[in-house]
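Here chain A shows up in two complexes: once beside chain B, once beside chain C.
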Partner chain A sequence: MSVADGIRDRLGSEDGPSPGLTAATALTYLFLYGPILVVVLMSFDAGRYGLRGELTFEWYANMAGRSDLIDALLLSVQIGLVVMVVSTVLAVVAAFGLARFEWPRRKGPIATYLVFVPLTLPIIIYGIGLFVFFTELGVGRGFVPIVIGHVMYTFPFATLVVAAGVIDLDRTLEEAAMDLGADPVTTFREVTLPALAPNVLAAALFSFTLSFDEFLISFFVSGAGAIPLPVRIWGMVRADIEPEVYAISVVVLIISITIAGLATRLRR
Partner chain B sequence: MSGEPSHGRGGVRDRLLEWSDSEVFKGSVSLGPVLALLTVFYAIPVALLLVYSVFAGDAFESPLTLEHFARFADLSAVLSLSWGDLPYIRLLARSLGIAVVVTVISLAISYPITYYLGQHAPDRWKVLLVMLVIIPFWTSYLIRTYAWIPILSSNGFINSALGFLGLPALPLLNNYVGTIVGLVYVFVPFTILPMYASMDGLDSHLIEAARDLGASRWRVFREVIFPLTLPGALAGGLFVFIKCAAAYVTPALLGGTSGRMFAQVIETQFGSAFNWNFGAALSVILVVVVLGSLYVAVRLGVDVKRGRGLGGGGL
Partner chain C sequence: MTSDLHVENVTKDFGDVRAVDDVSFTVEEGKFLTLLGPSGCGKTTTLRMIAGFETPTEGQVRLGDRDVTDEEPYRRPTSMVFQSYALFPHKTVGENVGFGLKMREVPAEERAERVGEMLELVELPGTEDRAIDELSGGQQQRIALARALITEPEVLLLDEPLGALDLKLRKNMQVELKNLQEELGITFVYVTHDQEEALTMSDEIVVLNDGEIEQRGTPTEIYENPRTRFVADFIGDTNLLDGTYVRNGDGAAVRCGAVELPVSPIDSIADGTDVSVSIRPEKIRIGETAGGVSVDGEVVDVIYQGNIAKVHVDVGGARLVSERQVVDSIDLPAAGSACTINWDREHTDVLTG
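After this line comes the complex of A and B, so read on.
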């Protein structure tokens, strides 16, 4: 310990965190990432019923050969892309309605109805309600019910992300464009949208990853022909963990961590 | 900015533009479609459960009844306080109890990490460290939940380590321990993120001043940090509570019998028991509990908007 450290210690200066605090923080990160690392570890371990300590790529090879898993993965990507487009378009439109336009004057109840209630009501309740709704309509289960359910589920998040951008938008830029003779459509296309691009992109990425990982709504409205990956994984985990599930999970984690990381950066 | 002039494109476009420039037009065109979509595909499906809960069988085709709610809360059993005859109320009470425990543990975990991130984290690492908390929030909670099976099972990581040390194995999976651990894991970002916002905004001079005046670390926490971060903690805790009260995936994968929760019995009514009306009644009760908790919290002054500021999360 240097003299300076000694003096600081005697003075009781609080420059650095205490060792206990640093340790607690490190343990919390271990808690957050430990289980994710366990999935990665298990996907490369030869043990079928527990850790054996031998490296293998067998589960990845098996996974690649299992058409049920690959089909489910592709279906989830497909649903995610459709949901992403629809949800983002709706979110941009709704965000302007909520954050910009003067009419209706009282936005509170509308924001509660559009964003807050869907965010707080239990998702399982919505999944069951949607299942009953489409059964009553005679539509049953399948691709379209999943997409509709996911759009309703991702829309509030996407709207929040875009609305934050609309609120922060520097209106003087748009006014300047109008003063220079640009009409509203041109102004929107050339000035407003580019300024909003990071938020719109973040909203799109969030919508995709939320849909891609969504389980409960899909669980109730997916059917024989259309089983998205999370529902497939649920089936594998519920029965008796097949090690292939670790391999496909690593693929899912890589996709969603990459997208969530990008979206989080964009949103700042 | 290449604002092309639009003169001379004809009168129709100009007139349309002028008409579409009114605030009423813009407001209704931007909010109308989404309000309609949300009503048809969100509000009506949820309301349909309310309808089902008060019919004996098929909605609008069978007699109105309160029998499903009576099955949940048998009045004679309630009045005579015979809990044994009230399995659904006991299950709801246990679910809410688990939700309270998970909320308290999540808050306890959140204090040190958010204090570190808000007050001590080096600036160049801070963004990355906060991002590392947010990212799991946006990844599959199904995968993050089942990941605990190889950790908690009888021959899993923890029990292997205990066995290696010569200690007896602990029952951690397929009971309430599994449910609580899994729920804390999935929901702890809901408390970390709003509390981080409070800790980050906390003026460190207050802490230094308290220390200089001779306050112990514990006293600084109790009298400075705790009260100033309470709004964030309450908002985050509220969200953990309402999300846990309706948890399905975690108790179903990790909870066994003693960790069973209310949403599971709802799913059973639709999945295997085929009693939609009773399931709908239980759903209505769960929604009343969730919205009721929110209402009470808002009435008590909890700033619920903090709860969804940074995060969001696929839950």
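After this line comes the complex of A and C, so read on.
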């Protein structure tokens, strides 16, 4: 039942929602998706700084010809894939550690809290810290620092998603497998992992899209040779707007929405 | 070599809580033993120690001459049927049933054949490719049983396997399980809190309370001769009276308030000891005086339940319930009328615990 149905039920109205309610609903969605709508419209409009009302595909055509944009897009995808793998593997291990390990008195909640606290911390501080850290280390900026920074950022999210699955997992399934002769490794492979597959996959997809869209950390640790797409996009609007930015933004949007949608479906 | 199951002086502590306290019993090969008790009595923990999911704090679990106390569950020749069935949701019926054979590296062809036979045994032939969630609760129960039996375990452990089924199905399955057990000749250790289920199915019952064994014996022994107040009360309905054991010459009696009930002398009980007595309601006759113990009283209440009626009789302040078959409802006594109740002396069970 949708929220609108619920409200209608509550009000006992047979003739549909009132005009006021309809308007409020429309405004809510406009508020949520307005900025995105603007970017999509601008990507098909001949105007550079505002809507002119002339349909054009020029920006898409230009974008396709700009190898710097395509390279940045591919780099972001590469970073996203590596981050996805690393973050998901760590998340599975951490989730089992948090949910299954017999922590000494009161250490369990503290351990859990410390893993999830970064979700609430300002990302920009991570950016600054990583920048200073890698500079001091002499690593500087580039692919590896970006991946490490992104994993720090995505890991708590991924752990949250996997841990939810581990907590819900029926332990007797694993006991049943062992009872029937499966050693712990076989039990994990045959029973535990398949039962957790939706959570693990969702964690992987979340990790990818979080990394793919990430700007603040990338901004601090990306360098001349390795500039991911969000940082590249920022560069395209800093001095003067390069209108290809609208087209590439729509591409990013489509990729992100597709993956986020997939992940949401997997989590039921 | 026999493979009797020996549980010897087993104790299990969880932190400060003693879940199982010095429990010992032996199950002869091919017998059906039930661990019976209320929730929290340690019956499931005992079963889990036999399966290997818990390690005893003290004591031993042996199969024949083989000490399995510390053996991993996947190396033991035991199989368990779980209360929740614990069927693998992402595997088909056939993969579930065949899992144990796959773990034993039985070739796929032979596996398929034996899965087919096993599904026939539990009367679900041809369901190999079905998904688990397509099955009803009763069918899932059978699949869980098939999955546990296919590895030909020496001991089958069942943890309240019928608990989730409705009453009628449960009654049918009780009989079927018992028949299956006799047919296969496998040792069954069955956990339940349902005393009727225990009486119906078992060769032997171990009654557990608070982690300790209250009494063990055949269903008849447990029902007819309960030794403790807990056992008398937990298994079946009974009349429980508190009193004092008194010796008088060659005889003995239990004095309950104004009434004195003659009993056979018991040497282990000293004169003047506080005891309880249990008399099963169906042993008490109304309106007869011939032989046995006779007590005069007054009918307080008559509760008609169709095939049976429960007549509550007040005898000198104590209330006894007599249960009788109703052949004709006209025969029932009226409340308020005086009556004599009567039962055989050996049906007065003296309880010391």
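Everything that follows uses one rule, which is that the second predicted complex is superposed on the first by the 234 of 268 C-alpha atoms of A that agree within 3 Å, B and C clash if a C-alpha of one lies under 4 Å from a C-alpha of the other, contacts with A are read in each partner's own complex, and residues count from 1 in each chain.
Simple rule for what comes next: a residue touches a chain if its C-beta (ideal position, glycine included) is under 8 Å from a C-beta of that chain, and two chains touch if they have at least 3 such contacts.
Keep in mind that this is a model prediction, so the values were computed, not measured.
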Chain B versus chain C as contact partner of A:Leu180, first or second or both or neither: both
First, second, both or neither for A:Ser207, with chain B first and chain C second: neither
Of chain B and chain C, the chain that contacts the larger number of chain A residues: B
Contacts of A:Asp170 with chain B and chain C, given as first, second, both or neither: second
Partner chain(s) touched by A:Val191 [first = chain B, second = chain C, both, neither]: both
Touching partner for A:Ser43 - first (chain B), second (chain C), both, neither: neither
Overlap of chain C and chain B interfaces on chain A (superposed complexes): 177, 180-183, 186, 190-191
Of chain C, residues touching chain A in the complex: 51-53, 72-74, 78-80, 82, 84, 86-90, 99-100, 103-104, 147-148, 151
In the complex, chain A residues that touch chain B: 12, 14, 16-18, 21-22, 24-25, 28-29, 31-36, 38-39, 42, 49-51, 90, 93-94, 96-98, 101-104, 110, 113-114, 118-126, 128-133, 136, 148-149, 151-152, 155, 157, 160, 177, 180-187, 190-191, 206, 209-210, 213-216, 220, 230, 233-234, 237-238, 241, 245, 249, 252-253, 256-257, 259-261, 263-265, 268
Interfacial residue positions of chain A with respect to chain C in the complex: 170, 172-173, 175-183, 186, 190-191, 194-195, 197
Chain B to chain A touching residues, read off their complex: 1-6, 17, 20-21, 23-24, 26-31, 33-35, 37-38, 41-49, 52, 59, 109, 112-113, 115-117, 119-120, 127, 131-144, 146-151, 153, 155-157, 160, 185, 188, 207-208, 211, 217, 242-243, 245-246, 248-249, 252-253, 263, 266-267, 270, 276, 279-280, 283, 286-287, 290-291, 294, 308, 312, 314-315
